[in-house]
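Below, subunit A partners subunit B and then partners subunit C, in two separate complexes.
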Partner chain A sequence: MELKEFKKGNFLVINLIGRVDTSNYTELEKKIIEFIDGGEKEIVVNFSDLVYMSSSGLRVLLMALKKITAIGGKFHLCSLKENIMEIFEIAGFTSIFSIFNTIDEAAK
Partner chain B sequence: MDLSNVKIMVVDDEVDLEPLIRQKFRHKIRNDEYNFVFAHNGLEALAKLIEHPDIGVILSDINMPEMDGLTLLLKLKELKNPSLKTVVVSAYGDMDNIRTAMNRGAFDFLTKPINFEDLEITINKTLEEIWQQRNAMKEHDQLISIQQDLSVAREIQQAILPKTFPPFPNRKDFDIYASMVAAKEVGGDFYDYFMIDNDRLGFVIGDVSGKGVPAAIFMAVSRTLIRATGVKGMPAGECLHYVNNLLCNESVSCMFVTVFYGIMNMKSGELEYTNAGHNPPYILSHDGSLIKLEATGNTILGCFEDHIYNTKKIQLNPNDDLFLFTDGVTEAFNKQGEIYTDERLEKLLLSVNNLPVNEIVNKIVNDVDQFAQGVPQSDDITMLNIKYFG
Partner chain C sequence: MKEKTLTIVNQIEQLEEMAKTLEALSDEWNIPMDIMLSLNLVLEELVTNIIFYGYKDKDEHKIIIRFSFDDKIIQIQIEDDAIEFNPLLASEPDIDESIENRKIGGLGIHFVRKLTNSIAYERTNNKNILTLTKNIA
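Now for the complex of A and B:
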């Protein structure tokens, strides 16, 4: 997994690249907590270059969603590939997360 | 590791040595790079070791009153402390004593008169060696604790899963078989089944997000709550609603579990179920067709308090199989990084519906194994099959 972030207006866009699985989800967890504790209140996670996410990755996203919602911020996801969208659908997460087609829509 | 934590003890009966060393190394002492302790014979040195357990390097003279350097070396050897290194200081050309000292475990030697440049190199080299050894020991300890963590998690998981098949040998109206192949890092999969009354079988398959002991404990709690609630016989959705609210109090940093919970009525053939974010199970119909069980529109357990879990019902026919699995099956990876996929599972399931329960499960276990080509599992691979005879 690789992680690249950039600012787009008030939003911090996090590009997730590669795979998020049991071997590296703690890295993602640490980074996202760092961003939130560092004062980021509006985050977009861009999935366009992510090929796989395991349930441990989903847990990190849930935690981030709860943390940001608690401080009145926004946590948006965008550009989910079909196979990852399916994992979200099975887990019943499509109604819990705000999911957008593009970064532009997510960071509006 | 900070090397200034490692103290250097100088053992010599010459009282002039202490001020000389303090003068020569004054910068390093002031910068906290070297931290000296002084003793004047072997006995005093042993006493100082107790007083300063952080001593790592010992610079010892050989000829001293009370206890000489060679005897001190023997005593130090008895302490069996691998990160305690002794450098002996001997008269130039005193090869016999130097050889004896080395044989007794001295790390290095210096000759008198002391060349302070050489002394500094020797001290640094010895400190470096101690640093490496302590690091290796730390890593070793961490590894042991990780291994213990994993074996505790594995024990919890193994103790929970029922493994006697057939589980209800007197029942001719249904049969059950299950398999769980644990990943090295123990993913937290589980399955369970129990009779609610004479007609109804409650059954569950689940997957906890996370690994190790916390996931294993969360799994044990989930399984116990579902069983204790399930045997009361309330509708499937109500049961998970109750369990979810209890788990929300237990969940640390959003640990969650995906669960499929079903109740099969062996008298009427009715199956009622609710699906909390788990992979949908399949019905392998007696006529050879395959039905994916419709979702109930619900999400995982352990995160959203008061979420309402819906119950759906479907009618089974005699000789239908219900096949439940975790994502360790469909998300198994091979060497090329490809995943097993639902499609491959479905294709195989279409060809096995007339087989006994254990053969159905074992066929799929073997196919996933063949597909993975020896790539280590990243997740537990778990399946549960229930055949309804009617």
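Now for the complex of A and C:
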């Protein structure tokens, strides 16, 4: 997994690259907590270069969504590949996350 | 019938080995990568459970994963000597809860159920043997 972030207006966009699984999800967890604790209240996670995510990754996203929702911020996801979207549907995550097709739509 | 056996040990770093094997099988057996990624997820959830919760000692244990494919159905069998665990008896998570009340665990076995076509469990000679099948459309 690789992670690259940049600012787009008020939003912090996080590009997730590669695979998030049980062997590396703590890196993602640590980074996201750093961003939120550092004052980021509007975050977009861009999935366009992510090929795989297991329940460990989903747990990190749920934790982040709860944290940001509690402080009145926004936590948006975009550009999920079909197989990852299927996992979100099975997990019932499509009803609690705001999911967009593109970064532009997500960072509005 | 095509067959492949992968033996790993109870260390989380072995997930990478598992992912590589599935990627290679996708090529060798001409199975779409999307299906292999689903099976990768199923295996990761099961193997992670075994590694994290299955052993009372700190010793090295083998986990044997057998794949077979007959052009229509891929079968995966996981054999381990961990404590008895029948995933078919695990409770279902509530996937309709609000953000505040949504639980952070319990999704793994739910994925296993939803992403496979059959699951059979047996406990023989102090081993868990879980057999899964996935139909290739």
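A few comments on the model shown:
The definition used in the following text is that the second predicted complex is superposed on the first by the 108 of 108 C-alpha atoms of A that agree within 3 Å, B and C clash if a C-alpha of one lies under 4 Å from a C-alpha of the other, contacts with A are read in each partner's own complex, and residues count from 1 in each chain.
What we mean here is this: a contact is a pair of C-beta atoms (placed from the backbone, for glycine too) under 8 Å apart; a residue touches a chain by one contact, two chains touch by 3 or more.
All values reported here derive from a predicted model rather than from experimental measurement.
When the two complexes are overlaid on their common chain A, residue A:Leu12 makes contact with neither subunit B nor subunit C.
In the superposed model, A:Ile90 lies in contact with both subunit B and subunit C. In the superposition on chain A, no contact is made by A:Ala107 with either subunit B or subunit C. Using the contact criterion defined above for the overlaid structures, shared-chain residue A:Glu82 touches subunit C, although it does not reach subunit B. Residue contacts after overlaying the shared chain place A:Leu28 against neither subunit B nor subunit C.
Subunit A residues in contact with subunit B (one complex) as well as with subunit C (other complex) are 21-23, 52, 54-56, 58-59, 62-63, 66, 83, 87, 90-92, 95-96. Against subunit B, in their complex, subunit A makes its touches with residues 21-23, 52, 54-56, 58-59, 62-63, 66, 83, 87, 89-93, 95-96. Contact residues on subunit B toward subunit A in their complex (touch as defined above): 185, 187, 207, 209-211, 253-256, 258, 276-280, 295, 297-300, 303-304, 327, 331, 339, 378-379. Considering their complex, residues 12-13, 15-16, 19, 34, 37-38, 40-41, 44-45, 48, 95-96, 98-100, 102, 104-105, 107-108, 110-111, 114-115 of subunit C touch subunit A. Only residues 19, 21-23, 51-52, 54-56, 58-59, 62-63, 65-66, 69, 82-83, 86-87, 90-92, 95-96 of subunit A touch subunit C when the two sit together in their complex.
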